[in-house]
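Two complexes follow with subunit A in common, the first pairing it with subunit B and the second with subunit C.
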Partner chain A sequence: MRLPHFDLHQPSTLEEAFSLMEGGALALAGGTDLIPLMKYGLEVPSTLVSLKRVDCLKSIARRDGGVFIGAMTSLAELASSRIISENFAALFQAARSVAAPPIWNVATVGGNICQDSRCLYYNQSRAWRLEKPACLKAGGNVCHAVPKGKKCFSVYSGDLAPALAALGAMARVEKKGGSRSVSILELFSSNGLRPFTLEKEEIVTGVEIALPAKSTNSSYRKMRARPSVDYPLVSAAACVTRDGGGKIEKMRLVLGAVGPSPALVYGAGRLFEGNTLEEADWEAFSELVGKDVRMVDNLSYPGSYRKEMVPIIAARAVRAACGPGGGEENA
Partner chain B sequence: MDELLHVGRSIPRKDGPIKATGRAKYTVDVALPGMLAGKVLRSPHPHARIVSIDTGKAARLPGVRAVVTAEDSLKIKHGFVETPRYPADQYPIAVDRVRHVGEDIAGVAAIDEETAEEALSLIEVEYELLPAVFDPEEAMRPDAPEIHPNNPKVDEPYRNIGGKTATSWGDTERAFAESYLVREDKFYCQMRAHGYMEPQATVAHFDYSGKLNVWTSSMGVFLKRAKLAKTLGIPHSSVRVLKTYVGGAFGGKIDLFHHEYIASLLSMKCHLPVKIVYSREEVFKAARPAQPLIVRIKTGVAKDGEILGQEIEAINDSGAYHGSGVVVIFLAWGFAMAPYRAPNLKYEGYSVYTNNLVRAPQRGHGAPKMRFAVESQFDMIAEELGMDPVEFRLRNVRKPGDILPNGDSVKKFGLSECIERVAERTDFRNRHEAGKRERETGATVKRGIGIGTTAYFGGSLIYPNSSSAIVKLNDDGSVSLLTGALDIGQGCETILCQIAAEELRMPVEEVQIYAADTETTPVDIGSWISGLTYVTGNAVKKAAGQAMEKLLAAAARELDADVEDLVARDKQIFVGHSPERKISYARAVAASIARDRGDSIIGEGHFRTMKDVPTHPSLASTKGRWTENYSSYAQVAEVEVDTETGAVKIVKVTTAHDCGFPVNPALVEGQIDGQVSMGQGHILSEELRVENGCVINPSFLEYKIPCSLEMVETDYIDVITEEYKRGHHYNTKEVGEGYVSGTVASVANAVFNATGVRMKKTPINPYDMLAELKRIRKEVS
Partner chain C sequence: MKKPGKRLISLQINGMEYEVAVRSDRTLLELLREDLMLTGTKEGCDDGSCGSCTVLLDGSPVRSCLLLAVEAENREVTTIEGLAENEKLHPIQQAFVDHGAIQCGYCSPGMILTAKALLDENPAPSEQDILHAISGNFCRCTGYNKIVTAIRAASRNGKGGD
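So, the complex of A and B:
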């Protein structure tokens, strides 16, 4: 499969990049998501603006009580960073659970966050898709995963975003003459057709995470078909603050791969507040977590099974966040 | 002279350096001046009549050099099997009708891939859609859509029967009546892909001398030549198939593939070389996947576990054409009956046409599916009898010298020793008891252990039935070995060089192999039916032996000694009792040329398995000999089952193997590891998912083949039953196919051991596993 023709710009400053983005170009980071989409004819940009030479986007730096991670930081750097592993276990584990190590060298933080949502019936070649009417996400009006479905059920499959959201990270979003800071979850539209709230010419230039209190720990757990390479089928990131007696003071739980955006579980923290893990009402937890997500048969495992796994993976994430160490990333 | 120099040793592969340094030339690397890019137009429909094809616009597109459809072909059918009962049933380009998604309709050759692709989109095909059927049991119903209306029918009340194998001995009814316990179970296996890394690729060049030169990723060049010549209607002498390195095949590259035919036809039309390389998607959607099988087994046993009778029915979904479907239903019988005694047996196998992809053999060709069924049921029976699975197997296993119902002897059959030794190494009996206790505990992750066994044939009679080899001594005493064998990664070039070097008592490094060229190398049986080391290896042994005889005769004359007194070592020949009398190979060669009418020293060797048997066994009745050498092995898998998610993890697989005489033990271990990995994919994760005949996971991302990080720990136990004997041929046995079966079966049994869940369908997906776990939990409460 070959790439369609396109113009490639490789600016070395952000200002240049912002100007180039104004004509309807797409930003290119590591390309591990965008290039396959282009080969499949799912994205056909006439112009790409590569951020590879914008050096100021490649760093992990302490900044005013927090850590700033540039959008072009590679996952390999993230997955070997001491600042990250010591402070943000969830993010560290999420980075190490992405695809396979060779891909970490190419893939970036910004690119991982901004990857398009996926579906077994959408992420197919042009030739494959020609055999069927176009689906909603491909500009048609049918859904192959849910017959008569009027809404796109494609699944956001990024690993970093749920972890960042659980950690309360903020994304820096910039364009020519403007910059804003939004929470990770605000980047998402909850619409599978167009999963991001970014404006056309906007670029996510980095993320900022406040350093956690000593008593706070986090973790990321991911279920996938093959631990060596696959996208998540369900994932969960938990960030837990406990008092000296092990009682949970605060908990933030975010689910991944449950729909077109990472999903914050409202009420999970309240459920556990003031309890140790042993005292916690796990039955209520199982009922609460994943209650509102709708998962359909559009990934390698059936939607009903994935939905059933949501509370299990979430519970594993919570327990791991309260445990001694990071442990294995795979659920 | 009896100390072995090379065979039986783990010498490094001959092709190791060239492959590791990226210099090995695969088909995709073949570049010829003026070469065109070829593409194939494929059916988007599972079943349709082709009303019309208009290639005018495509042919007029600038850059297009040739377009072909069935109208450019001779419309000669071919088949994996071509017998009076099963005549060829498939055109190499669809004529009037397509019967599966991906069937080849037209080919285009253009100056580059983009132009060829654009030309494909300009070909206008009008279809009339026909009703399609995808499930083999549905296709057998009398009201099912008929896929081959004009095909000769196997006489049955069912529809769409492409082939049937039926055989029986004894009286199963009586056996069941006398049985203490009778069980009947039905097992399902999924459709798998082969997962070879190198996609299908072909370069065809019909030159102005009228010769069609073909480079193609295959498993043997002579079969390709025969099928291309037949379908193109030209003599074998006008087709030359040349060697390229092969990036994996696993059974999936045997038969004629239509892109090979189309590339040839395109080249014949425009007299320019044409290259066709499949995309990964085409590999999954248009090449041939492996054979799925449904197996129903009824087994009756005595109270002490003795098998009294078995009835087996196997249903194969052959896809739109015969492919190897009519073979797999024969082989499935063999894999059912070979390892264990069944005094009364009735077998029926049906190969059923559907509108799915055509199938190819895959490593094991039916064995993993049949053994999964039989061995699963063995453990179910043993459990009901309160017997240990090892004792149950030892109670019924065939013993050395047993004669099978088809007249084959299992000779020095090592299966009972394999079972005993693998059980001992893994502490099976104790751990199996521990696994049963595990079922009762509340642990989230449960551990279990299971056993699976197989026997496998080594070489059988199918085209071209035999192998020949030529060994030439060069002037300096080094050796050139000419063989038609194609190394597909299994290491046959290394093995053949070891064998030649052994007979000629010389360094392996000085044996240069020239392989797999239909024009310049002698005929070869091919890298399938697990017969290459046995058949070609023994041909090489004979050729090298004959060359050695000639060399020794020349030396004896020069040294004025008796041949019997001579000793050869390091390319020197000595008189044994007075080693100062010696002659180098080089001088012996020169002496032969000087003295004997200019005779240079060339040895030729030919080998055919079962030389007293005229042809292959009957696919219909199973009558006739199958093979001379039955390998056997027992494998034990240790697993962990996560009872919250249903995920199964294989921790370790231990293999006790009887492969006859291992020419290269490291290659034997490589074969076992590769098969454990394939077995792992089969039992846990791999499945081609098909909706209305269309593969919905045509990529390595969505087709869940195990990756390097998933590889499980392996351990080996050698049960060596044969030895090297001077003057006799090698008794090597199969080592490249059967171990998939033991892995699949042992994992299924280990899962049961740990959880009490009996999975009768592969792969064991976590979601199916979890559903079963919940079902038995409910039953218990």
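So, the complex of A and C:
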């Protein structure tokens, strides 16, 4: 498959990159998501701004009671960082669950967060897609996953964003002459057609996570068809604070691959507050977790099966977060 | 969009200095196979899933189908052609031959280069380390057991290390 023609800029400073983005260019990070999309003809940018030479975006550093991770930090660095493994087990496990080690060498934190949403009817070669009219996400007016569907049901399949959201991370978003700090969930529009709230010339330059409070632990669990080089079919990240007696004081649970954005489960913390894992009402938990989830047949496993697995994966994430070091690594 | 102009880049491939003119929309895989005729690097899925196009970039395995050729500027690339010395196979290649770890052979260049990166970093890996390292390289003949055996034989554990 040939890439479409495009002009490439390779700035070495952020200021240069911001100026180049003003002409409607697309930012290129590691390229492990964007390059295949371009090969499939799903993204056809006339100009790419590669951020690979912007060295100031490649670092993991302690800063003001938290940790700042530059957007161009590779997943390999994230997956071998002691600062990350000791403080943010959910993020560490999420990084190690992405694809496979050779992809970690190139893929980046910013690129993983900003990857496009996916669908069995969209992420296909041009020849495959020609057999059907273009779907909503490809610029047409039908949804092949849900006949007569009026909205796009593509699924956000990033691993890092649910973990970062459970950890309460903030994303730094910058453009020429301006910057803002938003929660990870605020980066998402909940619209599969255009999953992000970023303006055209904006770049996610990094994420900031506050160091966890005492007795706080986190975990990420992911269900997928094969144990490597696969996107999540359902994932869950939990961040749990417990008291000395093991009773849960606070919990934040975020689901991944259940819709066009990571989904915070409202009320999950309240349900468990003041209880140990054994005392918790797991039946009510299962009901709550699956309540607002609508999954359709647009990934490699049926939506009905994936929906049934949501409370199971979520429960695994919560239990693992209550184990030492966020539980063993993802199976 | 018209074809972008070519750019002159320098890179090192298998220990040799190259200066090549390449368009920004060409991948490293295309540069290696089509311009430099280094066809040992295989094109499989071409979207980053299978690992058959694996090369080493500054010693680390990467998918050459996902990397723009211009992004390899001033970097050191190792392809399967760079492993043997004259007629003598690299110990990992020899182990693959000795242990029948090659069936159709399409995944072999990527597997061997991934194994090289692993053994360069960890000369005595456990079986789990080997499985983890090659988890991104797919063998459609499903010959994984013999591949793991060959890598183990080439490692210090199998007395094949340095």
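Descriptive notes on the structure:
Heads up, the rule we're going with is that the second predicted complex is superposed on the first by the 324 of 331 C-alpha atoms of A that agree within 3 Å, B and C clash if a C-alpha of one lies under 4 Å from a C-alpha of the other, contacts with A are read in each partner's own complex, and residues count from 1 in each chain.
Definition applied: a residue touches a chain if its C-beta (ideal position, glycine included) is under 8 Å from a C-beta of that chain, and two chains touch if they have at least 3 such contacts.
Please read these numbers as outputs of a predicted model, since none were measured by experiment.
Looking at the shared chain after the overlay, A:Asp7 reaches subunit C, while subunit B stays out of its contact range. Contacts of A:Lys39 after superposition: subunit C is touched, whereas subunit B is not reached. Within the superposed three-chain model, A:Tyr121 lies in touch with subunit B and out of touch with subunit C [touch as defined at top].
Looking at the shared chain after the overlay, A:Leu211 reaches neither subunit B nor subunit C.
With both structures placed on the common chain, the touch criterion links A:Ile60 to neither subunit B nor subunit C. Using the contact criterion defined above for the overlaid structures, shared-chain residue A:Ser50 touches subunit C, although it does not reach subunit B.
Looking at the shared chain after the overlay, A:Tyr301 reaches subunit B, while subunit C stays out of its contact range.
In the superposition on chain A, A:Val106 makes contact with subunit C only, while subunit B stays out of contact range. In the overlay built on the shared chain, the residue A:Glu131 is in contact with subunit B alone; subunit C does not reach it.
Shared interface residues of subunit A (contacting subunit B in one complex, subunit C in the other): 1-2, 100, 227-229. Note for the complex: subunit A touches subunit C at residues 1-8, 10, 31-32, 35-36, 39-40, 44, 46, 48, 50, 52, 76, 99-103, 105-106, 227-229. Across the complex, subunit C meets subunit A through its residues 1-4, 23-27, 46-51, 54, 57, 60-63, 65-68, 70-71, 114, 132-133, 135-138.
Subunit B meets subunit A in the complex at residues 44, 101, 113-114, 279, 281, 285, 644-645, 685, 694, 696-698, 701-702, 704, 706-710, 765-767, 770.
Across the complex, subunit B is touched by residues 1-2, 100, 120-121, 124-125, 127-128, 130-132, 223, 225-230, 300-302, 305, 308-309, 312, 331 of subunit A.
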